[in-house]
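Have a look at this one before I ask anything.
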Amino acid sequence: MLELIIISTLNGILFGMLLFLMASGLTLIFSMLGVLNFAHASFYMLGAFFGFQISRWLGFWPALFIAPLLAGALGAAVERFGLRRVHRNGHVAELLFTFGLAFVIEEIVQIIWGKSPVDFRIPSSLDFPAFQIFSTNYPAYKMFMLLASITIFVGLLLVLTKSRVGLIVQAALTHPHMVGHLGHNVERIFMLVFGVGTALAAIAGVIAGPALVTQSNMAALLGPILFVVVVVGGLGSLPGAFVASLLIGLIQTFAVSINGSLAEAFGPLSPAYAHTWLADIWDVTVAQIAPIIPYLLLVLILVFRPMGLLGTRET
Amino acid sequence: MSELTTSVAPPYPPLSEKLRFYGLWVAAALILLILPKVFGSGGALTTFSLIGISIIFSLSYNILLGQTGMLSFGHAVYYGLGGFLVIHSINLIGANKLPIPLPFVPLIGGLTGLFFAALLGWVSTKRSGTAFAMISLGVAELIASSALILRTFFGGEAGISANRTKLFRFFAWNFGPQIQIYYLIAAWTLLAVIAMYALTRTPLGRMCNAVRDNPERVRFVGYNPHVIRYLAFCFAGFFAGIAGALAAINFEIANAAYLGALQSGAVLYSTYIGGVGYFIGPIVGAIFVTLLSLNLSDMTSVWQLYFGLIFIAVVTFAPGGITGLLMMHRPLIKGGSLGRVLPYYAIAFVPTLAMIVGLVLAIETIVHYSLNPSGDPNIRAFGIGFNASSPIVWLIALVLIIAGFFIARRTWSWLAHVWDEALTTARDKGYHT
Amino acid sequence: MRHWMIIAAFLPILGGTAFAQESVKIGYIDPLSGGGASVGETGLKTFQFLADELNAKGGVLGKKVEIVPFDNKTNPQESLIQAQKAIDAGVRYITQGNGSSVAGALTDFVTKHNERNPGDELLYFNYAAVDPALTNEKCSFWHFRWDANSDIKMEALTNYMKGQSSIKKLYLINQDYSFGESVRSAAKAMLKAKRPDIEIVGDEMHPLLKITDFAPYIAKIKASGADSVITGNWGQDFALLLKAAADAGLKVNWYTYYAGGPGGPTAIKQANLNHQVFQIAEGIPNIGYPSAEAFEKAFRAKYDISLFYPRAVNQMRMFAAAADKAKSLDPIKVALALEGMQFDVFDGGKGFMRKDDHQFFQPMYIASFGDRTEKELFDEEKTGWGWRVAAKIDTEQTILPTTCKMERPN
């Protein structure tokens, strides 16, 4: 039991950090450009596939650096040639543009790499058990994932708070027009932020690719959870995104290991009708509803605290 | 006072306009009646039935998007719930031999959609814009995922099926053959379209437009935007439920796909491509997208890629959709200067077509190499066969794309120039829209 | 090759007439785009190869066999639309296999269509949808199934386990949907009857295709002390399950339905589980039956994939035999010829199509995946490892009763 809790906590934090890598990019993009990038999870997927392809040619460690750069460059290009054009058609058009982009990226990935999972392996230098928790081995690669995510998070924090560019970006997060008035090239900052945001998602993809299945439906599986994280944390709030990522990562990981259901909780005290028309809800275990718990959380937050946990802006 | 009203109020429409207006509806009804006589095959009837369902669904979605400015990613929930309840109703009615013939059953679907929209709508419509889109996405995912968990009502992945012929006959029709289903759907489509058009002409419909354009101003005028959005949401849910009911009757099965993200995406796609700015837009979009989705998958295996590219193209270059593009020409037609522009359209069409053909060639070749590298290189796409391994084909594709792009850019700028001139002429004559 | 009938599919929508019957068309309704496409493409290639084989011998009753593909995008509604298109294109035989939900919708549609359109009947050949209901509560005269349904597979598997005294503690882990549910309930019921001494130490249902990390499940399996696991998992659920097992160093025997599916062999090799993963199937490449080996060689030479559907071979060959026997391609006559037919199956041995429920019974094989000896000629997915037969279950030992009461045409 204790073993299960410790492993689930570790896995939950790990998953949460991965989510945060992606959610941080999404929050930055949303705060600066006001557009919720539907294609963000697609850049995560592109990162994984670029990482896979480059690791086949050059090895895993070069892939770790090159793949996010490629994906980020692609993201910047998308912003420069696509979003900027669509911007004049309104917010709805921008949102729909990213929506269509997500679709097209998934199709292109399927065309190039096929629809089956690809064999993205853990690099042999990391393919050993790190330590033993009671009787289960905890792989070293997962510790690497955790370390890498934390390093990037700390790096992001430092850049945002200590560097000049970071301060401008922080200012543009809350007062974009003022930043423009002060003479900074807001358009270039937009492109930079979009590129960095998508590069962050891509790094998450390269790191997660060997551990999870690298397949063309990765984006569709992780996309909705990502939006839940960003909205629950508060649109436009990086600390909020961090808290929400960890929360949802832990909830999802713990939920699948809990077999309790209302039937088990009530046991022989269950009313007779519970097993007939109410049977679906009564007998369902927490593990079975694990995939929808984030959406429940989303709806609850939007009802009771629409700004999100730590949100600062309405929209 | 009466002087003011006579000078400010618009004049009663003359008889010719009234005739034109009602004549349009009568003509539509006539077309629906004789359509199966012209195209009578089983596949054609199924296609028309699907188009009818799609028209109702897209129009209901446009109540949200085009008229009230609410982008919803979860409209299929009300469509699906309507469908499910109708399937259960048909099973119940058939088993208990209740005297409710099939033509009245879509109303049950509509009321279901209305019920759930009323239930979920107050909370959903508190915010508008991006927040509303996210709420709709969250609610939709929640209900769609629950569908696979609540097996008794939703039937798991297999769904629930019903037999529509077990109901009471309606004037000797038992609704087994597809032609009877077509007439049922056509009748309901006409009714729904009339109802939704009427809705746009009511004060509520106008206030929806106001909320879309300027919610703060609406508050100043004394209306609560939240209430208006909520009412629009309920109406949209009602008509979506009717569409779902007709789909359930047509397929005699309802499953979790009815509620899913793909279905929501599909209706967004149809409505947007048709054009959200005009009432007829979603109708055009529904017809276009249904025909496209039925036939594109036969011509190429990467039809989803083409769908996505078309969508991006429309969002970037023609945000008004097909009808938006067509309506842009109205002042030119009225002002008589359309003839000036048409030749330039023809000129611009050629390099654009060349570029598209080149792109398609490139895409199909790449697809062939990734899916079937050792297979037969003589492939067909869109009915035209070509050899995917021949370097000449690659060269042609490259030339078409590059040359097509640059020439097209030039011809489109000529077109824009001539267009401006034509528009100025029309405006000078007094035609602004 | 797969883009035939483009015009033919388009025009009938607008009211063309059915095509002249110089060939006998078999409509293949399965996913050719989207998530299920890799499996759908495999099936299509199999059927095209088989059609070529029949045509090389002169076709069926002198007519060329033509496989007409219809993309159903793994969606039941879309399948119904495609079935309608097939009917318009003059197809009287449709075949499908991916997804029991689609199969349920199709068998319903075919039954209702045939009822409402006498003279225009079509037959539905099911080559892979294993929901037992399709030959029990939902059975239909117009539906024929060549794949052993999930209950039959479990019957064969548990008959094998009866003789395996090393199995003492069993863990069940399955996907939470109708198929996973039927695997689990069949396993429990049959084991209770045949080996009541086996302790079922765990019974897990996890959400379908949603889990990204199976580590908590593996931890539970380890904690239970199980020596064997039965799972119906396929696709990513199978691959990730094995990955987690390898990570945690779990040593158990895995008894599966779909370990041989796309991505399965690669996952087993990556997890380095040598001859610890077993699969129940109606055939594998390394049985040693000469004609099957020749077929496998030719198939791999042409398409570079292994024959995943030996049952499709049985289906097409039996179709030709039934048409010959009935001397007609009329669906009702072919159906009457098919039911009760005995047949020499692809991998050797005899099978028969039961008249009561239109379920085909055939010899089944338990095979394990691992390193090969010279006897095993074929490897899978370029891993170097291949299947090895652990046991053969004769046809008689796979038979189960049926509750089917089908309405027959008069």
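The letters A, B and C name the chains in turn, as written, and every chain counts its residues from 1.
Basically, a residue touches a chain if its C-beta (ideal position, glycine included) is under 8 Å from a C-beta of that chain, and two chains touch if they have at least 3 such contacts.
On a predicted model such as this, the values are computed, not experimentally measured, just so you know.
*Asks:* Can the chain contact pattern be summarised as a line, a ring, a star, a complete graph, or none of these (other)?
*Replies:* complete
*Asks:* Write down the chain pair with more C-beta contact pairs when A-C is set against B-C.
*Replies:* Pair with the higher count of C-beta contacts: B-C.
*Asks:* How many Å are there between the centre of chain A and the centre of chain B, using C-alpha atoms for each centre?
*Replies:* 32
*Asks:* In whole angstrom, how far does the Cα centroid of chain B sit from the Cα centroid of chain C?
*Replies:* The separation of the two C-alpha centroids amounts to 38 Å.
*Asks:* What positions in chain A touch 2 or more of the other chains?
*Replies:* Only 114, 288, 291 qualify.
*Asks:* Give me the residue numbers in chain B that touch at least two other chains, ranges are fine.
*Replies:* Residues 302, 304, 371 of chain B touch two or more partner chains.
*Asks:* Multi-chain contacts in chain C: which residues touch at least two other chains?
*Replies:* Residues 34, 37 of chain C touch two or more partner chains.
*Asks:* Please name which positions on chain A make contact with chain C in the complex.
*Replies:* Interface residues on chain A, with respect to chain C: 3-4, 7-8, 11, 15, 114-117, 119, 121, 129, 135-137, 139, 211-213, 215, 217, 221, 253, 256-257, 285, 287-288, 290-291.
*Asks:* Which chain C residues qualify as touching chain B in the complex?
*Replies:* Those residues of chain C that touch chain B are 1-7, 9-10, 12-17, 32-34, 37, 41, 71, 73, 75-77, 80-81, 84-85, 87-88, 99-101, 104-105, 108-109, 112, 115-116, 131, 177-178, 208, 303-304.
*Asks:* Could you please specify the touching residues of chain C with respect to chain A in the complex?
*Replies:* Interface residues on the chain C side: 34-35, 37-38, 176, 204-207, 209-213, 215-220, 222-223, 236, 239-240, 247-249, 262-263, 266, 270.
*Asks:* Using the touch definition up top, name the residues of chain A that touch chain B in the complex.
*Replies:* 36, 82, 85-86, 89-93, 95-97, 99-101, 103-104, 107-108, 111-114, 224, 227-228, 231, 235, 277, 279-281, 284, 288-289, 291-292, 295-296, 298-299, 302-303, 306, 314-315
*Asks:* Inside the complex, what are the residues of chain B that reach chain C?
*Replies:* So the residues of chain B in touch with chain C come to 38-44, 46-47, 50, 148, 156-159, 161, 163, 165, 176-177, 247, 251-253, 255, 257, 294-295, 297-304, 371, 374-376, 379-383.
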